[in-house]
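Presented sequentially are two complexes of chain A, the first with chain B as partner and the second with chain C.
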Partner chain A sequence: METKIKSGAFQKFAEACGSLMNSEIQAWLDQGGKVAGFFCSTVPEEILMAAGYLPFRMRGTGSTDTELADAYFSPINCSYPRHVMNQALKGEFKFLDALICVNACDHVRRIYDNWIRYAKGINGTTFETVMSLPRKWGDRQVDWYYDEINLLRENLAKHTGVEITDDKIKEAIKLNNQLRSLQKELYELRKKDNPPITGAEALVAVVAGTAMPKDRYIELLRQLIDDLKDAEGNDGYKARIMLVGGELDDPEYINIIEEQGGLVVTDSNCFGSRLFWVNVDEAESDPVRALAKYYVQDRPTCPRTYGSQPERMEFTRTLAREFNVDGIIGERLLYCDNWLVEHYMTKFDLKEHGGNMPFLALDREYILSGKGQIKTRVQAFLETMEL
Partner chain B sequence: MIVGGCDIGSTTGKAVVIKDGEVVASHILKSTTSPGKTARLAMDAAIEQAELSSIDDLEKIIGTGYGRLKVPFAEENISEISCHAKGAHWMEPSIRTVVDIGGQDCKVISVSGKGTVSEFVMNDRCAAGTGKFFEAMARALDCGLEGISALDNQGPEPCPISNQCSVFAESEVVTLVNEGYDLKNIISGINASVASRLSSMVRRVGLIKELALTGGCSKNEGLVKSLSSKLDVGVITLPIDPQLAGAIGAALFAAEKLGK
Partner chain C sequence: MPKLPKEILDKSLERFTVERDWFRENLEAARQMPGEEYELNAMMLDILLAAKQKVLDAAHNDEPFIGGYFCNAPELFTSMDLPWMMVLETPFLSASAPYVIDDIEGAEDMGLLGDMCTAIRLPIFYIENNMMPIPTCCLGLLYPCDGAPMLHQVLMHNSNWQNVPIYSCDPPYTSDERAVNYFADELREMTGFIAKHTGKKLEMDKLVEVCERSNEVYSVWQEYMECRRHKPCPHGWELGGAQCFAISQCFTVGDPKSVAWFRKLIEVAQNRIKAGKGAQDLPGWKEKCRIFWFDIMPYGWVFEFMPWLETELGVVLVNDMFGNYPYTLIDTSSEETIYHDLAKRNLVDAPMIRQARGTAENFVYDIQKNIKDFRVDCVIWPGHMGHKDGAATVGIMREACREMDVPFLHIGLDLFDKRYTSVDEVKDKVETFLRGHGLI
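Moving on to the complex of A and B:
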């Protein structure tokens, strides 16, 4: 991906986003550190950090096919877990010591079963677990996840021999809150008429935050924000676009949208604003309670959770307004039923109570294929606004 | 004012020449492996038909279709979605919904009173519900595309064909043939299966009358009949070959841009 950004920090981020293993992880391993892989944005990284791990959010970056994984998945499974599994079966996750799965959706949940049977031996993980994330949105569900997080805490303490104290968890919360606030600050720059960072570049910066030690990332992100403050902005675009969707870690997808003239200025994505728009409550005396509340309730949720669509929709509307958005693209991995229905609802809600904001549902595969079809849809979408 | 529109689709290439608001020449040919060559052949034929001496006589040309970036003589390109809406609406201004069924994709477009796109949906990235599907079915039944289209061949009790995948549907059709089902009911079943898919897409956008079909498959009379009955709405017959709607739309955009 070409970039105008002249920043050493951005180059580091591009390296981290463009591969699974990167030099920052290598440096961590060289110092004797251990890495824990986790799925989705609902696993409390803070517990992993308190246990001494470097949390790494699982991706299939670099995968080119799903030949090995398709022995255990079917072609109508989501391509994200299939590509991740394929990388696992090729032994691309040998840098992991632990793997934390979650029942985020059924496709992703099945990674756990397949990992235990087929990928564990190849990659040499020594601890695997699956967390049970509540399906509904509410106070009782916070209690449920509170227990789940404590269970993870106990099991990790047993496995690592590290005492996971409240203070250590509080420290991790504080560090991650700092990180989230900085990511939000980066997004604030995109409110400008000529944002100094494109949507594709912003995604690079966010993905990198899930693949390197947090303190190092914070240092680099501060540097990037400083570098961008006086940088030349992006102009000449046809429309300001907001992306709404799920697992998207490939900047090239956004690049295609931007090449057509749609500058992506914000998002409600889980490698995006939903990760950092809200902070964990540091005033709460029980840090596990604070985490449970944050991951289940406080943060904009994923549509796999029942009962929170109105709040998600409000979040989308608010960001669209704040970032002066002209149109919304709902991105979805093919076969994702959660996002399919969510996009129908979003489209309807925008028509009824969203000032008729233009909306395009745009499917994709995890590995970018069918670029021509994506281009045609985006071009036509932009034409509906300008012709 | 004399302008051109060139629509390079996956299966056919189309070119039109519009002079002072009237289509004076058009040409449709099978796509070659090179979009640029297809465009050149189609436009050369249209120019000859319009009795022009060269392509330079056209004041502006716009390219559209999946090969729109490869039309060597087009100064600009516009997506086929906008062009089909524009072309169909120009031919019949009462049109508010366009179903474009091409060789490899189908789309439903909601058109404003001005002929611009309000909204659109496209099929998933496969051959289901497109010209390629009909070609596969015609091959399985050895009846030619005319056989699928002919109104006389639309049996009264369409066989259910559940598979939208052209490869699997072909096996399903072969099974029906082997089980001795009436060929005409198989044919109406094939058209009904595509019409049912299209009708879901129309419902997703929201049907606003009047409705017209464009693209090569709009010539399939059996399909038009089935879709019309499923949506319970008449389908407007466009006054000019509906396969040309995209190219006409492109030429109209060229004229509009010149006029500005």
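Moving on to the complex of A and C:
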């Protein structure tokens, strides 16, 4: 990916985002550290950190086809888990010691079942589990997830022999809160008329945060923010765009939008603002309760959380206003029912009660294909805004 | 809930009324026909029609009724004397109606594309176009698939339904005691919600009575399943199977008429077994192959496919996902045990939520158990385009069959829309598979 950013920190981030393995993970492993892969941002990374793991958010980066995974998944499955599974069947996750899944969506939750049967041996993971995340966000659901997190804590402690104390969890919460605050600070820079970082570059920076030791990431992110403060901004764009959607870890997709003149200035994505807009409550005396509350209730939700559509819509509206957005692109991986229906409602709300904010639903596959079609649709969308 | 304006009320009942009339005509026709099978059909249509009529009467008279999902423990609102319909029933009951393809196209025009489950986008289409009765309050369920919570969220979002209070039970991903107890608490809260919005109270002795009657229904169903084990199987795709599910928990629950239907079903099956008859009476017909159809039946084009399979190829559907029987009876000794067992029945036993929620263990277990219990020659996973968790379990299912030395076929189709994979293509796939394995 071409970039104007000179910062050395950004180069590190680009390396981490552009492949599964990177030099920071390698250094961690060389020091005897262990890595735990996890699916979906609702897995409490803080517990993995307290158990001594480096948490790694699962991606299929580098995958070119799904030939091996096709024996286990079908063409009507989202291409994200299919590519991740393909990488797993090729043994690309040998750097993992553990895999923590959650019943995120119908496609991703089956990774666990297929992994324990067909990919575990190939990659040599020694611990796998699937957490039961509620689909509502009431107090009973917080209690349920509280127990789930404690079970994970117990099982990981048994597995690793590490005592996972409250203090260690609190420390991990503090570190992750610092990380989140910095990511938010990075996003704040994008409110400028000429943001010093593009949407594609911001995605690189966020993805990198899920693939290296947190303290090292914090150090690099601070450096990047400092470097960007006086950097030349991006101008000459046709419109300021917000992205809304699910799993998107490929900056190339945003690049295509930006090449057409739509500068992506903010988002409500899974590798994006929803990860860090809110912090875990450090004042709560029981850190596990704080985590349960955070992952079930406090953080901006995704469509799998039933009953929270008005809040999601409000979150989108607030960000669109704060970042002075001209139009919203609803990105979706094909075969995703969650985001198809969510975008359907968003489009309606923006039209009926949103001051006619333009909205484009733009489907894609995990590995970018049909770039021409994406370009044409984005061009046409930008033209409607110019009118 | 405030009274609906007349034009909204009338429009919302239009389609439902057409369907009621259609079932009424069918019932009249079935009553005219000779033979035990028609008698059974008439008994079933009578049950279904009564359920529809109760909803229409309640809607017209401004009396409370429920919009439910499936696996909402209907014993609870039955004992509160509340009529109910299922928000999901419209696509299933009208699947072979002439307008269903137009409705699918209507959904597509709204942006609900062909990669989304048709069983979910059709009700969304009906809700958004005010083609479904608007209940006093609504009950949802947040599994078996991603489509379910999305459907419920559209319903909350729709302007005509915005005043309809909704409570959705959250089934956990696990199935152990902790999960069952959590789900029982969801059902308890749901009961309070129903009482609050309908003004009806739950009387314990009434609930006990309904649960006991529903236990009776499940007991006779279990007895019937013994008949289906017989070789040749006395009934094929047309009788028993998914009808058992419909009649035990979808349109009615703990209904003496259901008990009578099951008893008649057993009688008819036993008569056939005694006479050495299989699923068909055609001269020279023989049961050549027994299949387990591990999903919902292809209701949109069932009459173009299943009779062909059975009469021309001699392939008998000895069981399907909705005819599967894993039920435990409800212990009615206390409120505690009732809620616990209702939670178990609706979380762990009932089809779809049993397999599609949670890890793939139940897929494997049910396939292997059916192969053993029903002496199945092959397993067909139709692969409905909406069943995405199942689509990601295909390799696991294939391996479960391989372990039992039984061939497995994954088709890939839309249960409602024959344009997705044409009936000819499905027939071709199935026939090639069966011949290839020497099963016909």
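The rule is simple: the second predicted complex is superposed on the first by the 386 of 387 C-alpha atoms of A that agree within 3 Å, B and C clash if a C-alpha of one lies under 4 Å from a C-alpha of the other, contacts with A are read in each partner's own complex, and residues count from 1 in each chain.
We take it that a residue touches a chain if its C-beta (ideal position, glycine included) is under 8 Å from a C-beta of that chain, and two chains touch if they have at least 3 such contacts.
Since the structure is predicted, the reported quantities are computational estimates derived from the model, not experimental observations.
Enquirer: Could you tell me if A:Leu334 is touching chain B, chain C, both of them or neither one (first, second, both, neither)?
Expert: Touch partners of A:Leu334: chain B and chain C.
Enquirer: Using the touch definition from the top, say if A:Cys105 reaches chain B (first), chain C (second), both or neither.
Expert: Second partner only.
Enquirer: May I ask you to decide whether A:Arg377 touches chain B, chain C, both, or neither, giving the answer as first, second, both or neither?
Expert: In the superposition, A:Arg377 touches chain B alone.
Enquirer: Regarding the shared-chain residue A:Phe73, is it in contact with chain B (first), chain C (second), both, or neither?
Expert: A:Phe73: touches chain C, not chain B.
Enquirer: Taking the superposition as given, does A:Gln309 touch the first partner, chain B, the second, chain C, both, or neither?
Expert: second
Enquirer: Is A:Ala283 in contact with chain B, with chain C, with both, or with neither (first, second, both, neither)?
Expert: Touch status of A:Ala283: no partner.
Enquirer: Spot which of chain B and chain C makes contact with more residues of chain A, would you?
Expert: C
Enquirer: Based on the A-chain superposition described above, do chain B and chain C contact any of the same residues on chain A, and if so which?
Expert: 334, 361
Enquirer: Help me check something: in the complex, which residues belonging to chain A touch chain B?
Expert: Per the stated touch rule, the residues are 334, 361, 363, 370, 372-373, 376-377, 379-380, 383-384, 387.
Enquirer: Flag every residue of chain B that touches chain A in the complex, lowest number first.
Expert: 66, 78-82, 105, 116-122, 124-125, 253
Enquirer: State the interface residues of chain C toward chain A in the complex, per the touch definition above.
Expert: 110-113, 115-117, 120, 124, 140, 142-143, 145-147, 149-154, 156-157, 168, 170, 172-174, 178-179, 182, 185-186, 189, 356, 359-360, 383, 385-386, 388-389, 391-396, 399, 410, 412
Enquirer: Which residues of chain A touch chain C once you look at their complex with the stated criterion?
Expert: 71-78, 81, 103, 105-107, 109-114, 117-118, 130-136, 140-141, 144, 147, 303-304, 306-307, 309, 334-338, 340-345, 347-348, 361
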